[in-house]
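Each of the next two complexes has subunit A plus one other chain: subunit B in the first, subunit C in the second.
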Partner chain A sequence: MNLMDTKPVTAADYASDQEVRWCPGCGDYAILKVVKNVLAEIARPRDEVVFVSGIGCAARFPYYLSTYGFHTIHGRAAAVATGVKLANPGLDVWVIGGDGDFMSIGGNHTLHALRRNVDLNMLLFNNAIYGLTKGQSSPTSPIGTRSPTTPNGSVEQPVNALAFALGAGAKFVARGADTLQTHLPTVLKRAHENKGASFVEILQNCIVYADGAFGAINDRSESHNATIRLEHGQPMIFGKEEDKGLVWNEKAQEFRAVALADTPEQQLAVHDETNIQRAFALARLEQPDFPVALGVLYASDAPEYAHARGFTAKRKPFDREALKSLL
Partner chain B sequence: MTYAVNEACIRCKHTDCVEVCPVDCFYEGENMLVIHPDECIDCGVCEPECPEEAILADTEPDAEKWVELNRKYADIWPNITERKDPPPDVAEWSGKPDKMDYISSEPAAL
Partner chain C sequence: MTTIIDTRPASGAPATVVRFAGDSGDGIQLAGHEFAKSTADAQADFMTFPDYPAEIRAPQGTLFGVSAFQIQFGADDVLTPGDEADVLVAFNPAALITNLQHLKQGGLLVVDESHFDARGLKKAGIESNPLEDGSLGAHQLIRIDIVKRTLEALVSFGLGRKQATRAKNFWALGLVYWLFGRELKSTEAWLEQKFAKDPLTAKANIAALRAGHAHGETMEIAAFADIAGPARPNTAQKAKIISGAHAMALGIAAVAALAERDVLYCSYPITPASSLLHALARLEGGVKTFQAEDEIASACAAIGASYAGSIGITASSGPGLALKTEALGLALTAELPLIAIDVQRAGPSTGMPTKPEQSDLQMAIFGRHGESPLPVLAPSTPADCFSIMVEAAQIAVEAMTPVIVLSDAYLANAASDWIPPDVGALPGIVIPAQDFNGDFQPYARDDATLARPWVPPGTPGLAHRIGGIEKESGSGNISYDPGNHAEMTRLRAEKIDRIAARRPAVELDIACEDADLLVIGWGSTWGAITQAVAELNEEGQKIAHLHLRQLWPLPRGLEELIAKFPVTVTAELNTGQLAALLRSEYLAPIKSISQVTGQPFRVSDLKRNLLARLEN
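Our next item is the complex of A and B:
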């Protein structure tokens, strides 16, 4: 297939001819579907899009797309993607990895890609377990997770991926969930629009080794009670009946969950995605006392890496004819 | 890139599939279920759950007509997200071939 012949317009155009091999019911299918739809909406030609992955179930992602792809080594996807982007800034580069890839063996690369603010769309598929190697506890597994490596239950405090990203200096931090098929595309589109490293944690259910790890968050019927969908400039309201909200306590620098019946709307916090202190607080909201924050927690317009280093101006645009002459 | 329900489901709504679907994309008619092709994420978890083997992938031969039938009714039937008991006469209809003559276009009674 010649990637340069046609301009794709539908999600199906971004599907490869490979048989998708994840376990039946895996949340990765839901993410793949959303990504294909988002790619079709962005409508970049397939030869200008690259998906770079490390190792793990999530890392199979590039095989299932008709874009360019690079299945690299464990944890190194962000490093390879940085090279791809700097060598050819005209490409749209996505990085795919799981909690092992991004938060464990590749934690350092995640940190540096974020602090450099390279223009990458980094999607962390967080399923809170090592799925590909059959179910060992991961850096995001909750305390008490029983697994072959933690037979008496994990005693280690899990990493909060978004707080980590903010701490590393990320300029765009967001969260979505696999089965929220109308919400997740809005998050991915914002991540793609952002120029710089866009870090998106996608809560993804592993149906085999950590089924239900995120409880009601990615259960479509219950999700609104377990999550808050953030929108810049809007009051923080949540609940299936839109009957709950968050109030910001300035003195304690923390949120408090309230019932709207007891609280006038003007007292509710209004989401300001440029406020990093609140972004930290939002990243750490956890069930059952708080709704888990979904959407764009933090976005700043800091210059991305290539721009800051003046790379973009020095690079020649992609020469399609030159490539064709080689084929 | 979807799964679809075929005629084997007619008058044999076991609804085991509904319980496992991660995106709740089943819709219920009077005597059959269908999958919404735009909502299905192609994960395949429902397929082995069906005692009637009524769920097929759209890559199988002949699947296209079932996908179209599923699409047509998914738009007009109500969403079903919880398992319910099969009809009392399910044993009588289970495994019978050519059940399309018995399909009801009516939505499930709520």
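Our next item is the complex of A and C:
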């Protein structure tokens, strides 16, 4: 291996030599492609980039990249990644997990990585099912999901990942979808730019156990009718024909979907990604009554954990002299 | 008041034991700690042990709210806090009746009689007043209304009754200082420093201390001054008082300095391990600390730190180690250096969180999923808690493995005098050189140690992937090949076995020609076993003592050593876990002395049990 080979520039340079083993048609392929493109665009040397994952289909992700990678244990990727970041804050650390990892067995670690604002890019691949263990209902499965563990349909209320993240005190909360190959990179680049915990839910289709779980959202031809692409400072307009919008009801603290034909444009809500109340409301917009909110729902500056703790490159190493003064 | 009392210790032993007992809000631990400092200043050898309840402030005067502190000191090596007290200071009826069992027959009993009214007796659940009913006849009783005396001493300070009463622990301490001919100066200086922002409180406590001391002179009792020995030789450096927890914290700091690597210490609050995190958090800058959201996260963050090139350390007690076991499996198969500390307590489950036990031994050695051997060490004294951390770190980085260190609630809290090591003379922790000559494989192994290379992210040109899935030997790529798994399992085990070859061979702590019995202990019981064996041998018995600091892999020469003795017995604070381990490893007929009372061994109990083994 050439020791000087540290400046890859194309997406292909971020691919490892390992054969990708997801099911044909899995949404993870689409996400892998986007991530490689984004890494090439960021152009950070791959030796300074680390992907830490938990367990599940999504968690195989690090094996397929040429960066440093650590495939850990179920649910604990955020905790391991926190240790990586505290040890070496200079690294670019990404956390990959599914809805089991982030929202079920590792829900506690998601909560605390977010509230501490550890500088991690946390990508939740939400496919609303346990894939690798053969199709059990997951904490994000809709009520009524039939699965080997819920043969009569699940009765559990699914968790809203973004509302959870906001509730945990996350300072960067965004959503994308696997098939939206021009939209998702913009979200991931924003997540990477944010210094602190960046939480991105990627709606990902499991073609084997939960095909179509997100309906039209990740159907490229219908997506614009089922989603709204948020842009800071822009009026909230959606629909394939850009003929619908959202209006904010201040009193009720909720959005209302309207037809632009009936509503003057100045009445439309303008997206303010620093507004936490609206971010909660956006996180909860659901089909079929509302478009699902995509893009950056919430972003606000806050001290990043490792720096707040003083664990920076400037930190003086602890040496024998220092030890002597302690004893 | 004129009381003439014979205060010579009943046993004539060369060491003295003092025990303070009162409400958990009475400042017992504080008074005890000051007495220990004064003992260090007097250059006596000593060992202390706090015996306190799990409740923070149980209702006043109740039996379950009693907090006690015991210290043994003397001119010679003092190895335990002592079986029985020569002097017991009891602040209320509950403290008296729960602690009387710890006082020697004929011992000196100082009782604050202020709470021996109907209300105080009722809280302690007794009907008859022991000060009046003759039940204390076996002891030398001194009754003093310490509250009243303290209030009298502080009358000029204009404090409220409640505030003035708080100084009663210093009044009693002053009396005990007088008993042992101790100087008041260093405690006075400490009070002035401690209450620098509140000089009135400092002065009031000092006044109480002096009043208690002056009261001693009026009592016409012979002082104990001749019992605490003179200075030990060669003590150019002043001894510090060190608890096991404090020594361990300093040992962790030493790991950072001697390895020239950052340490990330990750922990979740749990008794009795929390004091380590407190101590390290105070050493700002020395060690990075991380209070995680749970036990699992603390293990995982430590693993992440080790993966990234720091030395990750995680600590807990038994229930927490149980939660960390999956993560230990990852560290073990990812082959990363890591230290997991278990400050053992009486279990299972919540058990008795402040009480010591050695019942996590087999969990430490065997308690993981899959074939997952890892090294297990146990320090034997508070001071050894320093050295063991440096040794654990050396093993971890040299063999690229997690290492478990077994302390316990006794070792963490017991304190003794300690001369810190010469930092310049301490050997460095050697991290093997990583030299690949352009041929890097994440799971290639060192010929001698079988360790894989440690290549943290950020290392140019060597990006690679690792994980918990079985890896192909060499490349580290995912492998489900049957032969490869068998080979990797063998390599992981042999790597741990080879650690024993690089470590010292087994050596007796007390050698004895033609011994009739070998007693093997491990961990915190070293002092009690050493004392018991030394006393029995002085009395004409022939017993050898071996104390294991390295529980896995077992040290070189152990099997041969055991074979030399007609009878081998383990002494442990569990139901015989080491005995079972040695039997299964060596097919040797190991006998067992075990105790699971949540208390450390008493020397007298050990002696009786060892004698019984000799007679069998």
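We adopt the following convention: the second predicted complex is superposed on the first by the 307 of 327 C-alpha atoms of A that agree within 3 Å, B and C clash if a C-alpha of one lies under 4 Å from a C-alpha of the other, contacts with A are read in each partner's own complex, and residues count from 1 in each chain.
Just so it is clear, a contact is a pair of C-beta atoms (placed from the backbone, for glycine too) under 8 Å apart; a residue touches a chain by one contact, two chains touch by 3 or more.
Treat the numbers as computed from the prediction; the structure is a model and nothing was measured.
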So, does A:Tyr29 touch the first partner subunit B, the second partner subunit C, both, or neither? first
For A:Asn88, select first, second, both or neither according to whether it touches subunit B, subunit C, the two together, or no partner. second
Residues of subunit A touched by subunit B versus by subunit C: which partner has the larger set? C
Now for A:Thr179: first (subunit B), second (subunit C), both, or neither, which partner does it touch? first
Can A:Val20 be said to touch subunit B (first), subunit C (second), both, or neither? first
Just to be sure I follow: which residues of subunit A are touched by subunit B in one complex and then by subunit C in the other one? none
Taking the complex as given, what residues does subunit C use to touch subunit A? 250, 253-254, 256-258, 260, 262-264, 266, 283, 285-288, 290, 292-294, 296-297, 300-310, 312, 326-327, 329-330, 334, 420-421, 423-424, 426, 438, 440, 456-469, 477-478
Touch list for subunit A against partner subunit C, complex: 1-6, 16, 18, 45-50, 52, 55, 62-63, 65-73, 76, 79-88, 90-91, 108-109, 111-112, 309-311, 315-320, 322-324, 326-327
With touch defined as at the start, can you tell me which subunit B residues reach subunit A in the complex? 1, 20, 22-24, 39, 41-45, 47-48, 81
Touch list for subunit A against partner subunit B, complex: 11-12, 15, 20, 22, 24-27, 29-30, 32-33, 178-179, 181, 205, 207, 218, 220-221
